[in-house]
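Note that the chains take the letters A, B, C and D in the order they are written out, and that residue 1 is the start of every chain.
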Amino acid sequence: MSSWLPESVSTYGGDIDAIFYLIYYVTGAWFVLTLGVTILFLIRYRRREGRRATYVHGNTLAQSAWILVPGLIVLLMDFWIDFRSAEVWAKVMGRMPSSDLRVQVTAKQFNWEMVYPGPDGQFGTADDLQLENELHVPAGKVVRVTLKSKDVIHSFFLPHVRLKQDAVPGREIEAWFEATKPGRYEIPCAELCGFGHSGMKGWLTVHPPDEYQKWVKQRWPSS
Amino acid sequence: MSARVEVEEHMGFWRGYVFSTDHKTIAKQYLAIGLFWAIVGGLLAYLMRWQLAYPDTEVPGWGFIGADFYTMLVTMHGTIMVFFVAMPILLGAFGNFLIPLMVGARDMAFPRLNMLSVWTFALSSLVLLISFFVPGGAAAAGWTGYPPLSAKPIYTGVDWGLNLWILALALEFASFLMGGVNFLTTTVNLRAPGLSMLRLPLLVWMQITAAVLFMLSVGPLIAGAVMLLMDRVVGTSFYLPEGGGDPLLWQHLFWFFGHPEVYVILLPGLGIMLEILPVFSRKPIFGYRPIIYSTIAAGILSFVVWAHHQFISGLDPRLAMPFSITTIFISVPFALMVFAMIATLWRGSISFPTPMLFALGTLAVFLVGGLTGVFNGSAPVDIYIHDTYFVVAHFHYTLFSVTFFAAFAGIYFWFPKMFGRMMNETLGKLHFWLTFLFFNAVFVAMFLLGLGGMMRRIANPMQYDFLQPLQPMNVFATIASILLLLGQIPFVINFFWSLVAGEVAERNPWQANTLEWSAPSPPPHGNFEIVPVVYRGPYEYSHPSVPEDWLPQDRPAVPTAGV
Amino acid sequence: MAEAHVMAVGVETRSVTGIPTGKLGVWWFLASEIVLFGGLIGVYIMSRLGGAGWSEMAAHLSVPIGTLNTFVLLTSSLTMVLAFAAAEKGNPKGVRTWLLLTVLLGLAFLIIKGFEWSSEIGAGFTPTAGAFWSFYYTMTGLHALHVLGGVVVNFILFLAALLGLLRGSEHRVELAGLYWHFVDIVWIFLFPLLYLSW
Amino acid sequence: MARERVHPNYVAVWLWLVGLLIASVVISYLPISRGVAVFLIFVAAFVKAVLVALNYMHLRFERPLIYAMAVIPLAIFFVLWIVLYPDIALR
């Protein structure tokens, strides 16, 4: 299973994967148990000459306990999954950690426009830099992304970071991530946005800190 | 005397078969239209699968598929399968055929309204069919039709196709609202003497719960659809931010309906299973009342889970956890139903004719669908798997299980009652094993693709570096899906062959208890020679007081036991 | 023989709950209508709370005309229920008179509404003139379609009463009335929501 | 159904309805705070709706099943309102 999920390269990717595996093992156990019992019954109680089925209707409490007790166990496991999920959700979506770098990402049919505030840290000033489909961030720093859209709904998907957030026209939606491993990763659009949906993608380049400084120097030579 | 002859002799072709008010004819009309659309929907799936496995190559029997055409395929496949296959077959056909028979009524409460309902549906089907051929092609904004993509023709290049799509859905909703009124009033008011609500077959309970869910959830979407049409045609901006509208509004209205809609489809399918399992286990269903309470609980919960479709849509993050919790809790009532089904098998006397195989297949497939729902319900996990093939595989496991496995189970089971002849067992079993095997092959592959991150609705996975290593899985899923489609050929042959040459069915070929089996096969207009009187619950199999292992609901003079 | 058989199917009615089947059917229908209008009104309220400049747009509506129309519709509810009372007392003349009045009042509502719409559109307040106007035309339009449907149903009933066809099925007046009063209740909320408040 | 139905005084109900209509229009012109006015106007509308439902639609005389059909839909669309509030009204 682990070979199917893409490599996780963010600080919270591991938390999300942990919930995934928790649910995987819980539901996997239920699957094996339930299907195993079913197959056992199908073999054990198949029709044979001279044997009559037992008349049990399961409406008394004592009998229906056979389904109510497992149901209660399901409920307890639901609570377990809910509590763990709430923790991770609060960490990823509930609060915004103080950011080291801000980027505006504006989606349009069928491109990502990445706007960097430049050395002054302010958007809308002369030193803003706009790149098409190219997002450069340093590893180990919290990056705050402000998502906007010019036309339809797109979805900003960083599979390796385990981040996905819709970009909705008329709204500014904040998301954040902290990449841990340098590399070049794709940024597909995950929400149907028209005939060019397939192939709408950008690139996330995670630099080691020193290399990132070089990239900044190259882009803003004056600073 | 067969009913068909009587109808032909005295009512003529038009009133007997076309503009018939008889619930059984109407059910067959729904079944015919639903099966027609199933073929169309299946062919669309074939085109999509080919494109995904061998992008931008010529599809055998069709030609090249562009990205815009692919988007249309995705949209129409979803729309057709949910609204024009699942609904007419599970509710239109089985609901209409079985409710009056199972409650011991001579027809629906409002037979003419019922006829209006099927003809509204036929009109809706016609509109949807026409939408394929208008300039610009059919709708291409996804079956969920999210604006602004769906709200302005320039975003998709589809103009009238999408307007007709909205119109077809509106007519479809009107049709099933009329049907729902009939289902409810018939069940509540036309039950046979002695048939209390707690002696109703569970299928009837499931059908009326589905009808209630549909009627109470569809209203806001009808209003929303009117607003979407206004945006497209009049130029308002309900969903367009440049005019002060909000795209998220549609998502709320759509999923406020969309989630109960899932159970509108699911519950009748489970109802079919719950009828078939006791018959071939020769045992009462285990926990009749707990199942009913679970159904009602699931129905109520279904109104407070819809935002789980919107965790990453820009929804207020504080709303996510309450919806995540309610969503995961919905596993409890469905777990109880599955446990009840399994407990029904315990110490039974189980035989395996085709309907039972399909019912057990539904159980296995639905189990996977239900369990994988927990992944989607957990908001943090959904961040990653949302809009990937994991979701696609999940909802095919839930919806394919009821729309096809359960519906096939129902068709094999009630075919003798519908058409007076038995279906062929050998072909039936072949059909089951082909379907079961290849269905799992297709959709297990899709689960793995989804874990790899493959997005929904992309026309060409080879455009992404991180998806290219997964391409063999796509090829595998495509080959399996073609075999799955070919696996339906035995069913088609069986259906038509049995219609004319099947073994003539007796009244109660499966030795079952519910009222429809005490009517002739097929039942004449008016269903019963004399209205049956009910003495007991529907699942009194292997009752100790009788030598046979079944005890029909309407057989008098045996001490009542159980429910 | 077959005809008799078919007739038997149609005539045999049961009512396990004691509630007439027709009434049950109408109420199920109304239940879905309640959710439809309830959802639409909710969307309007929430959009209005989240938007700006709606009150200024709403101020252009004519409160006197709206009040008059509310009065017309309230009165038509009275005439409708009086038609039902007459039907129950076995007074066919009363049924005819009150039904005709209901139909005329319904038509009056539609005509006044039509004049109102055309004067608004003439003043430039088209459905695309702003978010408020989009909602205004959608909500009043959907309601007017319901009024039109009710007028048609009531007119058919009136014709049936006139031709003496209503004898034995007087309960239809009650069923049509349930729908008509529901349409009235919707307007009772639409009037302050659109004309009066905020 | 042979049970003789009690007819409420329909004209008196109508007088109440018209009175409340006039009252709500008058309130909308009164020099009081908008909040209070809106509250009073919607109380009046609610009372009018209840009057019509109880008397003209005869809910006063109906069985619990019919009551449920009228009340459950209200609860259901109210759930929609609650969720729309943070997402649409507070955007």
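FYI, a contact is a pair of C-beta atoms (placed from the backbone, for glycine too) under 8 Å apart; a residue touches a chain by one contact, two chains touch by 3 or more.
Treat the numbers as computed from the prediction; the structure is a model and nothing was measured.
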| item | value |
| --- | --- |
| Higher-contact pair (C-beta pairs counted), B-D versus A-B | A-B |
| Whole-Å separation of chain centres (CA-atom averages), chain A against chain D | 45 |
| Centroid distance [mean C-alpha coordinates] between chain C and chain B, Å | 34 |
| Chain centre separation in whole Å, for chain B relative to chain A (CA means) | 30 |
| Residues of chain C touching at least two other chains | 17, 19, 24, 28, 31-32, 34-35, 38-39, 42-43, 47, 50 |
| Sites on chain D at which at least two other chains make contact | 65, 72-73, 76-77, 80, 84, 88, 90-91 |
| Shared-contact residues (touching 2 or more other chains) in chain B | 188, 216-217, 219-220, 245-246, 248-249, 256 |
| Chains grouped in pairs wherever the two touch, ordered by label | A-B, B-C, B-D, C-D |
| Contact footprint of chain D on chain B as seen in their complex | 188, 216-217, 219-220, 246, 248-249, 252, 256, 303-304, 307, 315-316, 318-319 |
| Chain B to chain A touching residues, read off their complex | 66-68, 70-71, 74, 140-142, 146, 148-149, 155-157, 240-242, 245-248, 281-290, 312-314, 317, 320-321, 324-325, 328-329, 331-332, 335-336, 338-340, 342-343, 345-352, 360, 363-364, 367-368, 371-372, 374-375, 378-381, 383-384, 386-388, 448, 451-453, 455-460, 463-466, 539, 541-544, 549, 562-563 |
| Residues on chain C engaged by chain D in the complex (per definition of touch) | 17-20, 23-24, 27-28, 30-32, 34-35, 38-39, 42-43, 45-47, 49-50, 63, 67, 70-71, 74-75, 77-78, 80-82, 85, 88, 174, 177-178, 181-182, 184-185, 188-189, 191-192, 196-198 |
| Contacting residues of chain D [partner chain C, same complex] | 1, 5, 7, 10-11, 13-14, 17-18, 21, 24-25, 28, 34, 37-38, 41-42, 44-45, 48-49, 52-53, 55-58, 62-63, 65-66, 69-70, 72-74, 76-78, 80-81, 84-85, 88-91 |
| Interface residues, chain A side, partner chain B - complex | 1, 4-6, 15-16, 19-20, 23-24, 26-27, 30-31, 34-35, 37-38, 41-42, 45-48, 51-59, 63-64, 66-68, 70-71, 74-75, 78, 81-82, 85-86, 88-89, 92-94, 109, 151-153, 155, 157, 159-160, 162-166, 168-171, 173, 185-186, 188-199, 201 |
